[in-house]
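Heads up, the next two complexes both have chain A, just with different partners, chain B and then chain C.
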Partner chain A sequence: MTVTVSRAPAVRQSGWRRALTSPTTARILFPFVVIAVWYWIYYTIDSRIFPTPLEVLEFMWEEITLTSGVTYSSVATNLYGQFGISILRLTIGFAVAVILGTAIGLGMGLSKRVDAFFHDPVMAVLAMPALVWALFLGIVFGFGHWAPVLTVILAGIPFVIINVREGVRNTPKELVDMAKSFEVPQDKITRHVLMPSLMPFFFAAMRFAYSIGWKGLVVAEVFASQVGMGWTIKFWYDAHRAKGVIGYALFFIIFALALEKLVFDRLARRAFKWRPQLGAYELAEGDFAGVAGEGFLLEGDEIGQSVQVTGMEGNTGNG
Partner chain B sequence: MPSPSFLESPTGDFQAVTSTLEKTQAPRSAEEERLIELRRRENRQKWFWRVAGYVFILGTWQFFSSVVFDPRVVPGPVQIIQAFPVITGEGRFLESYAATLTRIGVGFGLAFAFGVLLGIAMQIPWIAGFFKDAITIGLVTPGLVWALTGLVIWGFEPQGWIFAIFLTTYALVTVNIAEGVRALPKDLIDMSRAFGVTNWRRQRDVVIPFLAPFLFTALRFGFSIGWKVTVLTEVFSSNKGIGFEMRVATQLFKMDEFFAWALSFFVFALILEKLVLQHYERKFFRWREEVAT
Partner chain C sequence: MAEIKVENLQKEFGVGDDRVVALENVNLAISGHVFVSIVGPSGCGKSTLLNILSGIETPSAGQVTITQDDREAEPGYVFQAARLLPWRTVMDNLLFVQKERDDAARERCQRYLDMVQLGDKVDKYPGELSGGMQQRVGIARAFSIEPDVLFMDEPFSHLDAITARSLRRELHHMWVQTRKTVLFVTHDVGEAVELSNRILVFAKGGKLKDDIQVELPFPRDPSDDAVAITKAAVLRQFEELDLVAS
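This part shows the complex of A and B:
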């Protein structure tokens, strides 16, 4: 993170000391401290099932190289199968949420009546925990694909709607007015004025919908599925194998981080290459730009204020 | 595609203009009368569509309940309201709320305190660097993962759910505070440095007052995640509380009671989050114009 407080050292420090006190050193130090704390817990709680980091790594390696000998189910026999099914569910739910949400969001941004019609239901869905959807849809649709996919849709769609609506509202009025007075046709206004100003919001929407959808999916897979990543972690939990639970938790974190950093960051950079100020903005915002958004989208009514801090990335937890 | 709605208004912010017009006692011109009438019509329309939205949602729900699925599987709105006396009458109601609120109080309370301190400490680059990855991980990891990890390590001991609630919410609090730290007025800090103000006083008199609105935001956002993960931990590792009651209701196929529990706490949390906290936020910051708006 880039902290703006400047620190002008009165005395010039030696290179040695500077290296020790640099934020990068601290960042590298962090995993070692985590491992130390882990060992400390290991020795203090004296639990037979709590693993050491090495045991977890060994477990993860066996899962990756398929040498653990565990066959989960006939549909998805190993780590890759489970991941594949989860990603498929996430993708389908995410696509539906983005398409439907964009349509509703555009309608809400363009018309006050549509806005009044959808506003309160969207807010209610937004604040509903994924757990409620998961438990309910599991009862309704059984343990198939429907419950997880619908949970992803219901968890993600409010974020898309709210962001797209905000994007339409954020269209610079002067530009639209000017285009109108120069008799630019409506479809050109849509394409050259509305769309570009909508884009950052649309990206924020995708990102939020993805990360919320992913969290919702996990919950749904635990409660309403017999396959998938969420189910696998539950499998190890039921088997009382802490190394399985922690190992799969780490797979989760790695996957979520990778998608966040590799896919969404790249997509955003590519989509906004033509807008130099945004690139600069991103750099200045530092690394938390993405995450600060959390609240903003939970709190639909205050978007105006928080959009400036959020930019186009984000991440949320739905419990 | 129709033009954006703000273009349909005769003046940019005509709701505000007309509301001041309405308050003035002086005789109004015909044009002013027309504007007021327009505003009233717009408000009436807005309310009409709003009610229509509610009717549509409740109607769809009822339709799914009685036609598409079975009312025992998808209880209709009326059924759910009828289940409220059932869940409140059993004596477990207050006990459940007390249990859940205790968990939120302990788990989220710790996370909030730590998150705020960490956010303020983010002024020091070394600490910011150290916790950078921790915060990213805290934000991307589903609460469920922490809940199960905590459970498998500590079982039903309080450490398990404290671990889960803490790790799911602290990063969000920190990020909101760090957002405030980034916006700190550099000139004030530079000035206090130039005048030799001690670090402690600088923190107390410049940094913390400046961060106060961010504290409130962090509290509200953190709470909105906090209650959800708390309920989630109760589903796994408790024998009382809202989450536990929800699990029992689904296991017994009492879907109306399930929804009654879920909705009651949902409404409770929303009221706390939107009305109570927002009210105090406004009251607290009445003296600061830019925040109050």
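This part shows the complex of A and C:
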């Protein structure tokens, strides 16, 4: 049999055209769009206090090289001191949220009674804006470490609990049945079936707890602290210097992205190397959980199926 | 010698008006190095019977004993889907079900993986294998614990016809070499004739309708005339039974 093709095959896009329309180009393009819009606003509103991107970068450089001549306080005199205190608070709060949240989440996933006991309080804590925690804890504990650390814990813990609980509920029953019919002992089933199947949910939980915790921390430091990144942003707000506010916001955005790339992504890559379909692009998508984990619907995408955390997350960004 | 005894076995699901009888008063005795197929339409309770025998489900009434020389027999399983741990390599999946994780176990696992022609895939993850290969790993896993009795629940039903055919051949040769006591659930009569000494026929409502002996020598060739003739005869016998009406 002879098959004749009368129509020429579709013309393939040329190399440069494909490069221009690729997702990578789109990604790189975004900062340029932001800078363009920024300059456009700068020249449109004619404000003396609105800085140019260059002014902000200059400010950040001075802060990094300690040449700005600003001494913030006796506890933390410069950028590094402020950053150090915030990171310490975040680390402690995050660790407590992850450990305690995992324990409660495991309990809720495994036992209906534990689930019934914690369900409403978890939803209530989830619904509470971090701002309210910050104000309330500031009144109770004053301007120390307690209010910021507790705000990080309370902002992050519901996400850990809910994700871990869903993870336990999603343990593939057919694999547990398989292990049981081969008479594999329970502790081995826990280690080799339950824990690995929980990992994607646990990673999503960590990302949420970290990003939501960061935001809670900044809000708490604005209202209930005399040091830290949040306080420093407030300092520049009080001084009426927009470049300081934007500069410090950029500092922790950069930090958040770096942590996401250098820690969470690497951990995820190691934990999920069994997933052949996990490509670089898919991992890169995970970035957004780190900086944009706020809102009504949150997605954790470590596995094909997404973890949807539905709930009324307090508007933590409004501090 | 492995022995399976099922006496007055009854299994029901639900209560009141929702009550469904999955198995009704089933009596069975299987002993020795036989390959027994359990055949019947969907909902005839064949998978339920296997689940009860394997201890995943408990019977509503009756008794089941599986022994090997007067001790409790050790079972092995092959499921409809391969049921491999996706986060463990092929070798680790086999080692996961071993009692001891020693050199002997590793060697045994390698031997059975060689038998299913996956000896060079030990370090692959299940996600890197095709469906047929995954099921092969599942078969090797069941054989690797060298069980007294082997339970298989429609292991080829999720595969395409060509892959299923080649796996059936492999299973057949493995069985001829090892002569384990096998209980094999299938809805494919041809498959049952090709593989087994004995075919238990179940009808809707969980009743054991027929017990057919397949008197063909092993190893069998599916393209052999004798196998084809037996297949036709068993199919005719099937049509005479009213399997779908409960």
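The definition used in the following text is that the second predicted complex is superposed on the first by the 246 of 319 C-alpha atoms of A that agree within 3 Å, B and C clash if a C-alpha of one lies under 4 Å from a C-alpha of the other, contacts with A are read in each partner's own complex, and residues count from 1 in each chain.
In this section, a contact is a pair of C-beta atoms (placed from the backbone, for glycine too) under 8 Å apart; a residue touches a chain by one contact, two chains touch by 3 or more.
All values reported here derive from a predicted model rather than from experimental measurement.
By the touch criterion defined above, A:T24 lies against chain B but remains apart from chain C after alignment on the C-alpha atoms of chain A. Of the two partners, chain B and chain C, it is B that touches more residues of chain A.
By the touch criterion defined above, A:A36 reaches neither chain B nor chain C.
By the touch criterion stated above, A:A103 is placed in contact with neither chain B nor chain C. In the overlay built on the shared chain, the residue A:E174 is in contact with chain C alone; chain B does not reach it. In the overlay built on the shared chain, the residue A:L267 is in contact with neither chain B nor chain C.
By the document's definition of touching, neither partner reaches A:V75: not chain B, not chain C. When the two structures are aligned on the shared chain, A:F50 is found in touch with chain B, with no touch to chain C. Chain A uses residues 177, 180 to touch chain B in one structure and chain C in the other.
Across the interface of their complex, chain B is touched by residues 1-7, 21-27, 29-31, 33, 41, 45, 47, 49-50, 109-121, 127-132, 135-136, 138-140, 168-169, 171, 173, 176-177, 180, 186-187, 190, 194, 211, 214-215, 218-219, 222, 230, 233-234, 237, 240, 242, 245-246, 249, 252-253, 256-257, 260, 286-288, 291-292, 294-295, 298-299, 309, 315-319 of chain A. Contact residues on chain B toward chain A in their complex (touch as defined above): 1-7, 12, 42, 45-50, 52-54, 56-57, 69, 73-74, 122-137, 139-146, 148-149, 151-154, 168-169, 171-172, 175-176, 178-179, 181-184, 186, 189, 217-218, 220-221, 224-225, 228-229, 231-232, 235, 243, 246-247, 250, 253, 255, 258-259, 262, 266, 269-270. Contact residues of chain A toward chain C in the complex are 174-175, 177-184, 188, 192-193, 196, 199, 274-277.
On the side of chain C, the complex with chain A involves touching residues 54-56, 74-77, 79, 81, 83, 85-88, 96-97, 125, 127-128, 145.
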